[in-house]
Amino acid sequence: MARDVEALDLPAWSRASGPSQGPQCRDTMAHLDSEVKEECLREDLRFYFMNPCEKFRARQQIPWKMGLQILKIVMVTTQLIRFGLSNQLVVAFKEENTAAFKHLFLKGYSGSDEDDYSCSVYTQEDTYDSIFFAINQFHRLRNLSLGTLGYGESEDNRIALKVCKQHYKKGTMFPSNETLNIDSDIEIDCIHLDLEALSKDPQDWKNSSFFRLEFYRLLQIDISFQLKGIDLQTIHSRELPDCYVFQNMIIFDNKAHSGKIKIYFNSDAKIEECKDLKISGSIQKNTQYVLVFDAFVIVICLASLILCTRSIVLALRLRKRFLKFFLEKYKRHVCNADQREFINQWYILVIISDLLTISGSVLKMEIKAKNLTNYNLCSILLGTSTLFVWVGVIRYLGYFQAYNVLILTMQASLPKVLRFCACAGMIYLGYTFCGWIVLGPYHNKSPEDQHYPRKI
Amino acid sequence: MARDVEALDLPAWSRASGPSQGPQCRDTMAHLDSEVKEECLREDLRFYFMNPCEKFRARQQIPWKMGLQILKIVMVTTQLIRFGLSNQLVVAFKEENTAAFKHLFLKGYSGSDEDDYSCSVYTQEDTYDSIFFAINQFHRLRNLSLGTLGYGESEDNRIALKVCKQHYKKGTMFPSNETLNIDSDIEIDCIHLDLEALSKDPQDWKNSSFFRLEFYRLLQIDISFQLKGIDLQTIHSRELPDCYVFQNMIIFDNKAHSGKIKIYFNSDAKIEECKDLKISGSIQKNTQYVLVFDAFVIVICLASLILCTRSIVLALRLRKRFLKFFLEKYKRHVCNADQREFINQWYILVIISDLLTISGSVLKMEIKAKNLTNYNLCSILLGTSTLFVWVGVIRYLGYFQAYNVLILTMQASLPKVLRFCACAGMIYLGYTFCGWIVLGPYHNKSPEDQHYPRKI
Amino acid sequence: MARDVEALDLPAWSRASGPSQGPQCRDTMAHLDSEVKEECLREDLRFYFMNPCEKFRARQQIPWKMGLQILKIVMVTTQLIRFGLSNQLVVAFKEENTAAFKHLFLKGYSGSDEDDYSCSVYTQEDTYDSIFFAINQFHRLRNLSLGTLGYGESEDNRIALKVCKQHYKKGTMFPSNETLNIDSDIEIDCIHLDLEALSKDPQDWKNSSFFRLEFYRLLQIDISFQLKGIDLQTIHSRELPDCYVFQNMIIFDNKAHSGKIKIYFNSDAKIEECKDLKISGSIQKNTQYVLVFDAFVIVICLASLILCTRSIVLALRLRKRFLKFFLEKYKRHVCNADQREFINQWYILVIISDLLTISGSVLKMEIKAKNLTNYNLCSILLGTSTLFVWVGVIRYLGYFQAYNVLILTMQASLPKVLRFCACAGMIYLGYTFCGWIVLGPYHNKSPEDQHYPRKI
Amino acid sequence: MARDVEALDLPAWSRASGPSQGPQCRDTMAHLDSEVKEECLREDLRFYFMNPCEKFRARQQIPWKMGLQILKIVMVTTQLIRFGLSNQLVVAFKEENTAAFKHLFLKGYSGSDEDDYSCSVYTQEDTYDSIFFAINQFHRLRNLSLGTLGYGESEDNRIALKVCKQHYKKGTMFPSNETLNIDSDIEIDCIHLDLEALSKDPQDWKNSSFFRLEFYRLLQIDISFQLKGIDLQTIHSRELPDCYVFQNMIIFDNKAHSGKIKIYFNSDAKIEECKDLKISGSIQKNTQYVLVFDAFVIVICLASLILCTRSIVLALRLRKRFLKFFLEKYKRHVCNADQREFINQWYILVIISDLLTISGSVLKMEIKAKNLTNYNLCSILLGTSTLFVWVGVIRYLGYFQAYNVLILTMQASLPKVLRFCACAGMIYLGYTFCGWIVLGPYHNKSPEDQHYPRKI
């Protein structure tokens, strides 16, 4: 480190006066003359730059902070894994429900999405079939579905399916004559089909004028309906089952007018508190333990937060003393690099990590108590704090001589690597843009490039 | 750089006379004696080899060129992305149409091409079915298609489908007797099936002698027809919709006579101006803004072009002065390497990039105005210019000392890397040829190599 | 090696007294004075640190151990390959049977498992169909199966299929009203369907109240049955065919209540001795040869084990002599590093490998004799011993000077590489946890993140 | 190169006597005294170790050999590519025919093979269906196939399909009782079904006792038949079409008795000369040109062969002169390394490559003339020679100073790399054996390892 060469090299300076002299001089420092004062400062500085093992050997000071950090790694990781696994169940329930909906409502669904859309149709007949299939399946849902599903109510308290179509206001089009007369404003028509209407003769509603589609001006058809479900699985892992509202929408997208209608299925699941729950039987209630664990994590992080803040405050006070002394004795200011030595950047990392963990844990407890559903924010807080806690382990590795050399080497070589990446990044960016436009798939191929069978 | 050692090292020479002496000596140089003249040349040279920051510090010269380059990066990249995205819509429309055609006209099309061909048939019955299916679908197109499609007219103004078959003139073949009697000249038969003919009893045309195929001498069947379509999507992103002519051809390729007929589908889409367009409604017309943006890019590139050209001209003049002075004072010629120092290769890169951008932008404006459809050339011009502009950023990185070392190192190691690649390339080429013929899939396997089930 | 510098450097020390003096001094060492004793120890040490070639040159000692090791590599590898290939046949038989079962008993099985489950159903009708299909196929098995299969008997000596369903004890659920009344205790109902019952009118058992499923409280349906089979293939590779008992279970898993029932197929194959075997005909009986081969491997490993143990014992004795001498002459103890030099770590590797091989071979012979079926443990013993034997080859490479340098270099750089891995591992662990929870698939996506078709 | 240090360094020695003295001294050497003789030898040696450019500059000797090598690279590569492309057509014809056969004769063939077998059946009914389907398709072949196929004749001049079944001689098996009574000798039954028999009522032959299969003792069913075809495609690329005999065999493999019968399709295509060919029409006959090209390649390679042999002979003579002179003057022998310097290893490479090319080209001409069909050997000869020719290019790169350094560096580091690979290889081998048996797929999994659905 080039900096060390020109700087004062504090640890060395503090060690200059010979071996440590037994008495703790911090308390008695006020009523001593200059000589003793210098010695005392030297002693304090030397102690400040020791690592936990040396501190223990020098003054029998037990490394509470270090122990706390190691305990924190275990606790925070455990908490993260528990949270992740419980999240996983919720997400799996939603995804399996969406898959089941796709199999129930999309005609000819293959089991996996084609692209960002679920499936696609290419003929008028297939389009009508797909629409009527979805409506019919909705009508028969109670006899079809394997899940714990029921119809949800729309805004006006009816159990109904809403079919909307977007089309250009009016238009005539004769592609053969290259003639087009169109009003580019968009009109939206909707009908509501409730269960009663669907129970009648299907020919009634199928033949309604609404379902006479003019494909050349049709933009989009949306079929939307609401279903409700209960996630019984949570009986076994958490205390109370969640109720879900699935706001489903099937979208037939013809905006491209390319002869291919893409069918999207969107299922938006919201967790709601169930209104009327009666669970009997002998399931174990373990929610309390989870809350106790979270509370314990918070306590530990608070302790770590306080200890690290205290260390920083003490370090700043020591710096003040040192600056004053240095100004008095050598009549000059201490350089910035040396001043920075006093602020341990690892402590700052620990403090940030603790703050994140505490807020994350509080959020998690609120979610568990069903007051909040802010899973995303909680994931980010807990995830980031765990990342910082693990990165912090490197500090303790740095106490071993062999590791310290390695860490310093990596620190020194990092800027060069980044600089190389910056140069390569420039060329790569230019190449990417150029390649995208010149070689990419969105390049308007000339007809000569197409593949014909080999000429005889 | 070994060159610097033996060369004059111009920047060092120019700095030799001590710190810069305030007065701008360029204008007053004519009426000064030799001593002052040398000092003045030294001063000019020193200024010439400065980087923008130093120039600003030395003479308060604001770095216009550098600012312009940075503005250019933003503008050119924005222009490229806009062009790419608009291209993407056009290409997606064509590709989705082609996919829709394949689903409509190819029997048993699986949704993805098998190889370079779309699908294949292995029996006589399947071949007839595929041919008749395509013809029938063409007849029913109006009731099938979801797109904005109409029939196009063939050369003789009929709406018709043209079916052609290529076969050997005459032949008899008895593979069992290994007897072959064939005329290797190729005959082409065609029939035109217009909508009227197809509306009749299908047994009429299916039973015509044309469709009695003799597979052993059949080479190829082509079914070709023209469709027209309108890309309505552009109403929302550009001003006017484009009209398309799709020249489709289904090719049944039996040239290999291997018992497998490969079916190709080729769709050649041409953009034409629509004849009769009436668009009402409240869509926003943003074409002007695009044109203004393109014009602004051209202006900036022109400015950059002029400034760089001026710099090169000034540099050449300075070189002339220097050569003359050097000849007078030291009685010898300046070596080539030093002469090259005067011509900044980055300026040449910038000039090429500017010329490309200007021609690309002009072409793009013409395409937007529907005068030209030369998308390919425009892509190459804009893409290459963007590549050069981004590579040019490396120059500005070179002004930082740390980066400069890196760049020089990479320059020095490049030839060695290339030389190694050349050697490895020779061995690789030999290995490729050898592997292709000896190990490759096109190696005539002997029967002993085939896989039989394990012998008992 | 830094250690060598500060250590005594035994080989060098022993060589210090000049060239070797012919006579073998080991036996006569007791009745010689100090001078001769030192010379003799020097000689013995020098001989101890020689490699086999040098030993041969010095005392014409034939390298038995080395020859034995080389023979062992060949033998152990051959044994492992033979064992692996014979295992392969057993495993292939089981896997093909499982595949055949899946095709026979699972309706709509596609030939490959979907995930960890084989297939899945989404409607009530499909669920009933799948259950009845499996039961029917079991009934018709004798006319369906291609394998050497027969029905197995259940505990009460009936040929029967056992169908069990798990469900919550009682419950009513109205997801529409978000109302739930459930007893979380689980009830299990089972029926046994024997061949006789299945031979009657299928409507009889299909309409039984057992098969009126209430899906909202259903947790799981298990269909279990036992089949027996004979692996005839072994007639050709081993002496006697094995009899198998397949305990099959089809599981319909509805625990998630997500509208998707996952179908698992578990086939647990046990090898049993066939009760009544009569094999006539002219197959060759090669079991003896295999047993002889295994016995030979054991003998070789025993020999190698004894020789290596003897070498270690001799080395320990030599060390004792050396320590005593050193204490007498130089009045100080030999450092630990030098003491370690006497124990050849390669011999320890060889001894471990020999012990593993011997126990593995004994186990293998027992398996062959059908006394044990502990394939797993045998695989681990033989595999690990082969790994050690091959790693031991590196020792012999170390006798060549060029290789020795390489091996020492690798040894020296290993700790640094491991240390770097530890640091990178910490960062990676933190990143993994963070990425799993923040970016991972089990992240509770907010509805805004979902894909809708592009807005117009 | 360490060798150069201790060796004589011939090129340096020969250059020691000062600049070259004009006169060609080779011829006049006989009648000169010792001084002049040494000078002359020095001169000859200096010339011998020159590269072509220096030779041209020294004695105006045009580098014929080098020109010839460059011409050879072009010629040999062209020849190889032409041969590969023509081979490709033959192989593609065979592969497409095999694919067509699989589609025609295998019921439910999906278009790609499952593993090393084409498809598989799991029930008795499917097995019978697959057998009868193949036989029926053979009967209807003339109306099905698109290719130029005809029936081939079997040994006894009948057009017939041969169906064979292998089974154990006799046996009874009761897997339920674990009772087995089997004769392990294998019996083979065959029937011949000619076209006449197949034209009758299919129930006749389907109900024959042959097709009453006892699956528990069935080992294998083979359906074999011969088809003939003509590869018309070659009319356009080569002169005469080839006639093919396809010996097809469908194998139903039940050797594992695991409930899964694997179906293999083997098609063994032999090229035969057509008996009776009459090709009229205006195809171009380009065979002569190909033969002329091949002949030209042979001539060039012969020339190169002669020149290189001559160079080696001259070098050996020069070595003899040098050895004699050295013995006379310095009274000692020249070391081996210096003697090897005289034999240019590149020339040996060129000679081997030439010999391979010549034999390959002769073979190719014979194949073209339809005298031989030894494609494999010809591929190997031509491929290897091309590899050597390209590797030889590196020699010419070595004439440039910068490349020479690179090549020498690579030569020096090669042994170390190989040594490292040997060590790593040992560990890898051990790991592979261990991993195969311990972790591999052929590990006899214990039932506890199987996947059950999560327990509630």
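Going in written order, the chains are labelled A, B, C and D, and every chain counts its residues from 1.
The rule is short, and it goes like this: a contact is a pair of C-beta atoms (placed from the backbone, for glycine too) under 8 Å apart; a residue touches a chain by one contact, two chains touch by 3 or more.
Which protein is which chain? UniProt says A, B, C, D = Mucolipin-2 isoform X4.
Every value quoted in this text rests on a predicted model; they were computed, and no experiment measured them.
*Asks:* In contact with subunit C (Mucolipin-2 isoform X4) and with subunit D (Mucolipin-2 isoform X4) at once: which chains are those? Just list them.
*Replies:* none
*Asks:* Shared touching chains for subunit A (Mucolipin-2 isoform X4) and subunit C (Mucolipin-2 isoform X4)?
*Replies:* The shared contacts of subunit A (Mucolipin-2 isoform X4) and subunit C (Mucolipin-2 isoform X4) amount to nothing, since no chain touches both.
*Asks:* Please flag the chain sitting at the greatest distance from subunit D (Mucolipin-2 isoform X4), going by CA centroids.
*Replies:* A
*Asks:* Interface check for copies subunit A (Mucolipin-2 isoform X4) and subunit B (Mucolipin-2 isoform X4). Shared numbers divided by all numbers used: above half gives same, below half gives different; which is it?
*Replies:* Since fewer than half of the residue numbers are used by both chains, the interface counts as different.
*Asks:* When the C-alpha atoms of subunit A (Mucolipin-2 isoform X4) and subunit D (Mucolipin-2 isoform X4) are each averaged to a single point, how far apart are the two points in Å?
*Replies:* Centre separation, subunit A (Mucolipin-2 isoform X4) to subunit D (Mucolipin-2 isoform X4): 54 Å.
*Asks:* Would you mind pulling out the distance in Å between where the CA atoms of subunit B (Mucolipin-2 isoform X4) average out and where those of subunit D (Mucolipin-2 isoform X4) do?
*Replies:* Centre-to-centre distance between subunit B (Mucolipin-2 isoform X4) and subunit D (Mucolipin-2 isoform X4): 38 Å.
*Asks:* Could you check subunit C (Mucolipin-2 isoform X4) for residues that touch two or more other chains and list them?
*Replies:* 255, 456
*Asks:* Edges wherever two chains touch, nodes for the chains themselves; is that graph a line, a ring, a star, complete, or other here?
*Replies:* ring
*Asks:* Judged by the touch rule stated earlier, which pairs of chains are there in contact?
*Replies:* According to the stated criterion, the contacting chain pairs are A-B, A-C, B-D, C-D.
*Asks:* Under the definition above, what is the set of subunit B (Mucolipin-2 isoform X4) residues touching subunit A (Mucolipin-2 isoform X4) in their complex?
*Replies:* 77, 80-81, 83-84, 87-88, 90-93, 96-97, 99-101, 103-104, 116-117, 143-153, 159, 186, 219-220, 227-233, 235-236, 241, 243, 251, 253, 255, 262, 264, 266, 268, 270, 272, 274-283, 375-376, 379-380, 382-384, 386-391, 393-394, 397, 402-403, 406-407, 410
*Asks:* Spell out the residues on subunit A (Mucolipin-2 isoform X4) that touch subunit B (Mucolipin-2 isoform X4) in their complex, using ranges where they run on.
*Replies:* Per the stated touch rule, the residues are 121-125, 127, 168-169, 173-185, 215-216, 254-261, 415-416, 419-420, 422-423, 426-427, 429-431, 433-438, 440-447, 450-454, 456.
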